[in-house]
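So, here come the structures, one by one.
What follows is a pair of complexes built around chain A, which joins chain B in one and chain C in the other.
And then the complex of A and B:
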C-alpha cells in the first residue's frame, strides 16, 4: 500500500516540499514510493500497515543542506525524522513514530573529521559507522580503541545520542561524548561547549564550556539534528585479558549480582561487563533446532545438555581486564575470589575454551572494541528473525536481579518465547536487556509480542523499573511511566520543544514528546 | 548607602513581594537593609557602590517554600538570585549580577537526605556544605570518601552546578551528579532522570532516565532552582599514597605538561592532579613579608630562597595513587619514570617532608576528600585579602601550558601582582586557574585589577582559550567570547530562558543570560 501522508499535511504541501528537498540535495537523494522500503521498520510489530510508515526520505550531504531542509520543512509543515544510520533494528530501524514523517537520512554525512591519537578523541558526522571509524584507526595505525555496541554497523553519533552502551571501560557512550554541532528546528546551527568560542582549541577536550551544559537535551530528543560530535577514545592499554565466569544455576543470578556491585562501584571491574543468559549465549553459535524441536521455550533438561556441550552456564559473566600486567593480576585476584565459593562456578580465559566458535572468543573482540555483527546470530535461534529489546534499569542488587529475571522471564515464557537476556553493568545500575526474538512474518506472533511488551512495561513500572530506551512503538507508553508530579518533566520537555520547534517539525513523538500542533490533551 | 531597587521594579511591588515572602518563610528569614551585608560581594571589584548589590534576601526551608517564593516573584516581577551557600568568594559570593535582585538563600535547606554506602552516593539539599557531608559520613563510620574543592565551606550542590572541581578521582563534580529535583521559574517542580518515575529505585543510580537528559541545563544557568541533587561518592580505596614532584625552573612547565598528558589520558594519573606555582604554594604556609619587603612581584633571587627553605619547586605537581598496593606501585613506577630525566626534579611522599606545616601534608588531606579552609592562607600573602579567579581552559600540551603561563603571568606581574596559578588536570583539558590576590580596601588596586581582568579575558579569547567559570562581574563579557555563528548558542539559551522563565525572574545575567524583559539589543 502507498505510504500515508502525515496528519495535517496536504498532498500538495508534501509534493512542494519534496521538490524543494530535491533542489537542495539532488533528485537522487529524495526517496519515495518503492524506494522507501529501507526506511521502514524491518521488524514491524504492528499488524496495522498504516502505522510507523515514512512517506519519503531525504539524504543531505552537509550541515548547510540540513539547515535548508529544516527551513523548507517549516515552510510546508512537513515533519522530519532524523536518523543517523537507522540501523537500530531492535528499536524500529529508520522508521518514524508517526506515519507520513519524512526520514532525514544522515548516512551521507559520514566524514571522519579528525582522529586525535595524543588526546584520544574523534570528531565525526552522524553517518560514520563503528566499522568505518575502526577501519580508519587501523589503517592509520593509531594506538586507540573504540567502544562498540553489539552490531558494528550502527552510527557512533546515533548510538551515543540514544544513550547506547558498549563493553570496554568507555562503555557509557554519552558520557564519552564531547562537543556537538547541532542544527536547531528553526534551521540555525549551534556548537556546544568550547565549540561556541571562535578559534577555540578544546572543543573535543572539555565538555562544559561556559554557561548551561546543553548537550544532553539533544539526546533521545527531538530538539535538534546533531551534525557533528566528538567522542573520546581509549588509548590502547598496556595489556588486555578477557575472561568468562560461568554459573550453573538460574538462581545464581542473585548471588552473582550481589558480588558484582562492590567490584563495579570500586572500579575493580573496569569495563561494561555483562551477565548473559544461557539461550542468548547458545544462540551465538547454535540454533534451537539443534537441541530441541518441541514448541515453546526449551525445558531445563535441554538447558543442561547445552551447558555441557558449549561450556556455558545458566549465567555467563563476560568481563575483561585492562592495563599493565601487575594491575590486571591484582584486579583478577579480587574478582576470582569474589565468586570462587559459588558452587559450580568455572573461570575461563580464551585459551581455556574448547570450541573455535565460542562465546568468549566472540566477546573478547567486542570487549576490545572490534565492531562485528556476530551477536545477530541470535536472530536465527528459532527462525523468523525479528527481535525487539526490552530494557528496564535496575539497581545492582541480588534482590533486584532475581526479581527482574523472574518477572520478565516468566512472562516471556508464558507467551511462548525463550528468555534471552543480559544484565549490562553500568556505573551504578543494571540495564536488564531482554531480547525477544519472534517470527516477524506471522501476524499472530506479532500480536502476541505486542501484548507481552505492553505487559512488561506496565509490570516493570509498577515495581519502579523504567526503560532507558525503546522501540518507536512504545515511546508514548514509556514516557507515561515517567509521570512524577503530574508528568511535570514531560511538560517541561514540551515547553522546550515548543520554544525550539514551534511548528513541531522535528521527530513528532520521539521519546513521547510531541509538538504543540499534534499534542493530545 | 541603601541598596538600589532592581530596574523596572517599583518600591511598592518590592515591598509587597517581601511581605508575601515573609508570610511564606517567616519574617526572620527575610533580610533587608543592614542585614543584607552577608549577601554582598565580599571582594567587590567595582568602585561603583551601586553595582552587584542585592536589595534583600529570602531563605526558604523547603521545596514547597521555594515554589511559593518563585510564584510570588512572578506576580510582582521581582528577580531572584539563587545561591546554595554563597561561599564562592572568588566569583562574587552570594551577590547577584544585577543590583536589586533578591538573593534566594538556600542555606536553610541543608538536609542530608540519604547517604548510601553500598552504592556510593548521597542525596542532599543545596545548603549542605562539604564539612557537613564529611562529618556525617565520619560519624556514621561509612567507608566513603567525598571529593572537595579547596574551601570546604561551600555547597556540594552549588559547586557541582557551577562545574567545580576537586582532587580525588571523582574530581569532576558535575560528572558525578546523578538525579535532581528542580523548581522551575514558573513554580513547578520536576525530578530528572529516573526521578521522574513514581516509586523508582534508581534516581541516584542511573543518570539518563528516558528521553532528553536535561540535568546539564540547570548548571551555570538561570533556568531553575535545584532543591535536591544526587552525587556519587567514591568507596574508600584499598590504599592511598599522595605524592609531590617538584621542578626547579619556570620553563619546566612545558615538559611537565607534555609528560602529563599521556599519563592522564591513559588513567595512570587517577585523580584531579594539579601543577602549582611557587608563590601559590609558599603562600599556604608563609607570607610575602617573610621573604620580601619590596614593591611588586617577588624577584627570581627571592624565589630561589623560598624554594630552598620550603622544599618546593617553581612548579609543584601534587598527585595521589589510589587502590591496592600492587596497583599503586605499578602506576607510581610509570609516573616517576616519566619525569625522572627532568634536571632538578625531586620526588616526595609525606614522610619525606621536613616541615610540619607543609604543602604536601595539606594537599594529602584534600586529595582524600577532607574538607578544609587551609588553601585560603594565600589570602594573607600580601595583606588586603581579596581574590578573584581567572580560569581559562586549555589543551594538555606543553606548548599551551607555557604559552598560557607566559601570557597570564606577564600581564599579572605587569600590573604588580604575584603570579599564583595552578594547572588542574581534567580528563583531557587543563583548567589554568590563576588566583589574583589584591587589596580589597584600595579603590586604585580594584580599578587596576578590573582593567587587568578584562585584558586577560580578551587576550585569552583571541588565542582560543575560554573561561569555564567566572566572577559575576565578568559574566556578560565572557559570554560574548562564546560567539560562534553570531552568538547562536546564547540565542538558543535565550529561547529556552524565555520559554521557561517568561518574566525573567530567575538570576538575570547569570552566565550572560538575560530574560527578554532586560535583554540588551
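And then the complex of A and C:
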C-alpha cells in the first residue's frame, strides 16, 4: 500500500518539495515508493497499515544541505522526521509518528571530525555509528574507550538524543554530550555552549557556555536538527575486571536493589550496571523451544532447569571494575561483601564460566565499550522477531524494584509473554526496561501487545512511574502522564515549539509535542 | 557458595595479573560442558565462538569496497559463524546448521539477498539505501550468491 500524504499537505505540494529536495541532494538521495520500505518500522505494532508510514526519505550530505531542506519544507509545509542512523528499533526504527512525514536521513553525514585523546572526546556528525567510531579509535591506536548501547550499528548522536544508555562508567550518553551544532526549524544554524563564541577552543570541554543551557531541549524533541555533537570518551583504564553475581529467587530483587543503592550512589559500582532477568539472559544463548514447547510463559520448573544449565540466576547482576588493580581489589571486596549473605548468591569472573557462548563473556565486551549486535539474540527467543521496550523509571529502592517487577511481570505473563527485563542502574534511578518479544507477523498478537502496552503505561502512571523513552506509537499517551499542574511542562514545550517552528514542520508528534497546525485541543 | 566465591576471587586475581601483563582481552574459558551440548543441540556450541572483532582481525582483510568487505562491515555482526551472532543463531535454530552461516551457503541467489536486505526478515531490520547503497548491494548479493 502506498504511504498516505501527511495530513494537510497536497500531492502537488509534496511533489514540488521532493523535486526541490532532489535538486539539493541529488536525485539519487531522495527515496519514494518501493525504495521507502527500509524506513518503515520493522517491528510494527499497529494493525492499521496507514499509521506511522513515511512518505519519502531525503538524505543530505552536509549541514548546508540540511538547512536548505528545512527551508524548502517550510515553503511547502512538508513535515520532516530527522534521524541520525535511524536504528531506533523497538522504539519505531526510522519511522515517524505521523504518516506521510518525510524522513530526513543523516546516514551520509558520517564524518568523525575530531577525536581528542588528551582530553577524551570526539566531535561527530549524526551518521557516525558506534562501529565506525570504535574502528577509528582502534586503527589510530588511541587509548580511549567508547560507551556503546547494545546495538553497535546505532549512532552516537541519535542514541544520545533519545537519552540512550550504555554500560561502561560513561553509560549515561546524554550526560556525556558536550556541545552541539543545530539547524533550527527556520534553517538557521546555531552552536551551543562555548561553540557560540568565535575562535573558542573549549566547545567539547565545557558544556554550559554562558547564558541558558539549551542542549537538553534538542533531545527527545522536535526543536532542531542536530548536525554535530561532542561526546566525552573514557580514557582506557589501567585495569578491567567484569563480573557476574547471580541470585536464585525472584524476590531477591528487593534485597539486591537495596544493597545496590549505596554502592552506586557512592561510586563503588562504577559503571552502568544491570540486573537482568533469567529469560532475557537465557535468550542471549538459547531459544525457548530448547527448553519449552508449551504455550505462554515458561513455568517455574523450566526456569530451574535453565538456571542450572546456563549458570544463571533468576536475577543476574552484570557489573565491572575499572582502574588500577589495588583499586579494583578494594571495590570488589566492598561489592562482594554487600551481597555475600544472600542465600544462593554466586560470584563469577569470566574464567569461571562453563560455556563458551555465555552471558558474562558477552557482557564483558559491552561493559568495555566493544560494539556488537549479540543482544539481538533475545529477539529469537520465541521465533516471532518483534520487540518493543517498556521503560519506566523508579528510585533505586527494594520496595520500588519489587513493586515494579510484580506489576509488570504479572501483566506481561497474563498476556502470554515471558517476562524479559532488566534494571539499568543509573546515578540515582533505575530504568526498568522490559522487552516484550512478540510475533510481529501475527495481527492478533500485535493487538494483544498494543492492549498490554497501554495498560502498562496507565498502571505505571497511576503509581507515579513514568517512562524515560518510548515507541512512536505511545508518545502522546506517555506525554499525557507528565501532567503536573495542568500539563504545564508540555504547554511550555508547545510555546517553545511555536516560537522555533511556527509551521510545525519538524517531527510532528515527537514526545507528544505537536506544532500549532496539528495540535489537538 | 563459599567455594565458588573463593575460586571466583582467585580467578579474578589471576585475570588481574594478566591485565598487568598488558592484555586487556577477556580470557575465554577453555572447554564447554558436554552436558549442555546434549540438552541444547540447536545451539551448536562447537562452532567458532570468537568475538566478531577477533574474527575480523584474524581473517585476511578483504579488498576495500568488495562484496566480502561489505559483508564484513555490515553483515558479519549477525551472520559470522557462532551462535553469538543472532542471524546465525536464528537460521541454525529454524533452518538447521547447513543454512546457519550465510557465507557458507550455496543456495542463495542475488535477488533474494537484495530483497531481504531491503525488507528485513524476522528480527532482522531492513537496511537503508544510505547504509548499503544499491551499487554496494549488487556486490554484496553477488558475493553471497557466488559463495561456496
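Simple rule for what comes next: the second predicted complex is superposed on the first by the 521 of 521 C-alpha atoms of A that agree within 3 Å, B and C clash if a C-alpha of one lies under 4 Å from a C-alpha of the other, contacts with A are read in each partner's own complex, and residues count from 1 in each chain.
Going forward, a residue touches a chain if its C-beta (ideal position, glycine included) is under 8 Å from a C-beta of that chain, and two chains touch if they have at least 3 such contacts.
Please read all numbers here as calculations on a predicted model, not as lab measurements.
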Going by the contact rule set out at the top, does A:350 touch chain B (first), chain C (second), both, or neither?
second
By the touch definition at the top of the document, which applies to A:330: first (chain B), second (chain C), both, or neither?
first
What's your read, chain B or chain C touching more residues of chain A?
B
In the superposed arrangement, does A:496 touch chain B (first), chain C (second), both or neither?
first
With both complexes overlaid on chain A, does A:370 touch chain B (first), chain C (second), both or neither?
second
With both complexes superposed on chain A, which partner does A:200 reach: first (chain B), second (chain C), both or neither?
first
Let me test your reading of the model: by the given contact rule, A:481 touches which partner, first (chain B), second (chain C), both or neither?
first
Looking at the overlay, does A:383 come into contact with chain B only (first), chain C only (second), both, or neither?
second
Of the partners chain B and chain C, which touch A:215 in the superposed model: first, second, both, neither?
first
Across the two complexes, what residues of chain A are contacted by chain B and by chain C?
329
Within their complex, state which residues of chain A touch chain C.
29, 31, 35, 37-40, 42-43, 57, 59, 85-87, 89, 93-94, 105, 107-108, 127, 131, 152-153, 236, 239-243, 285-287, 289-290, 309-310, 325, 328-329, 332, 336, 340, 344-358, 361-362, 364-365, 368, 370, 372-374, 376-377, 379-380, 383-387
Residue ranges of chain B in contact with chain A within the complex:
118-121, 163, 174-175, 178, 184, 188-192, 194-202, 204-206, 208-221, 223, 232, 235, 237, 261-262, 265-267, 323-324, 326-327, 329-331, 334, 393-397, 400, 426-429, 461-470, 478-479, 481-485, 488-493, 495-496, 498-500, 511-513
Show me the residue ranges of chain C that touch chain A in the complex, using the header's touch definition.
1, 4-5, 7-9, 11-16, 19-20, 24, 26-29, 32-33, 35-36, 39-40, 42-43, 45, 49, 51-53, 73, 77-78, 82-86, 89-90, 93-94, 118-131
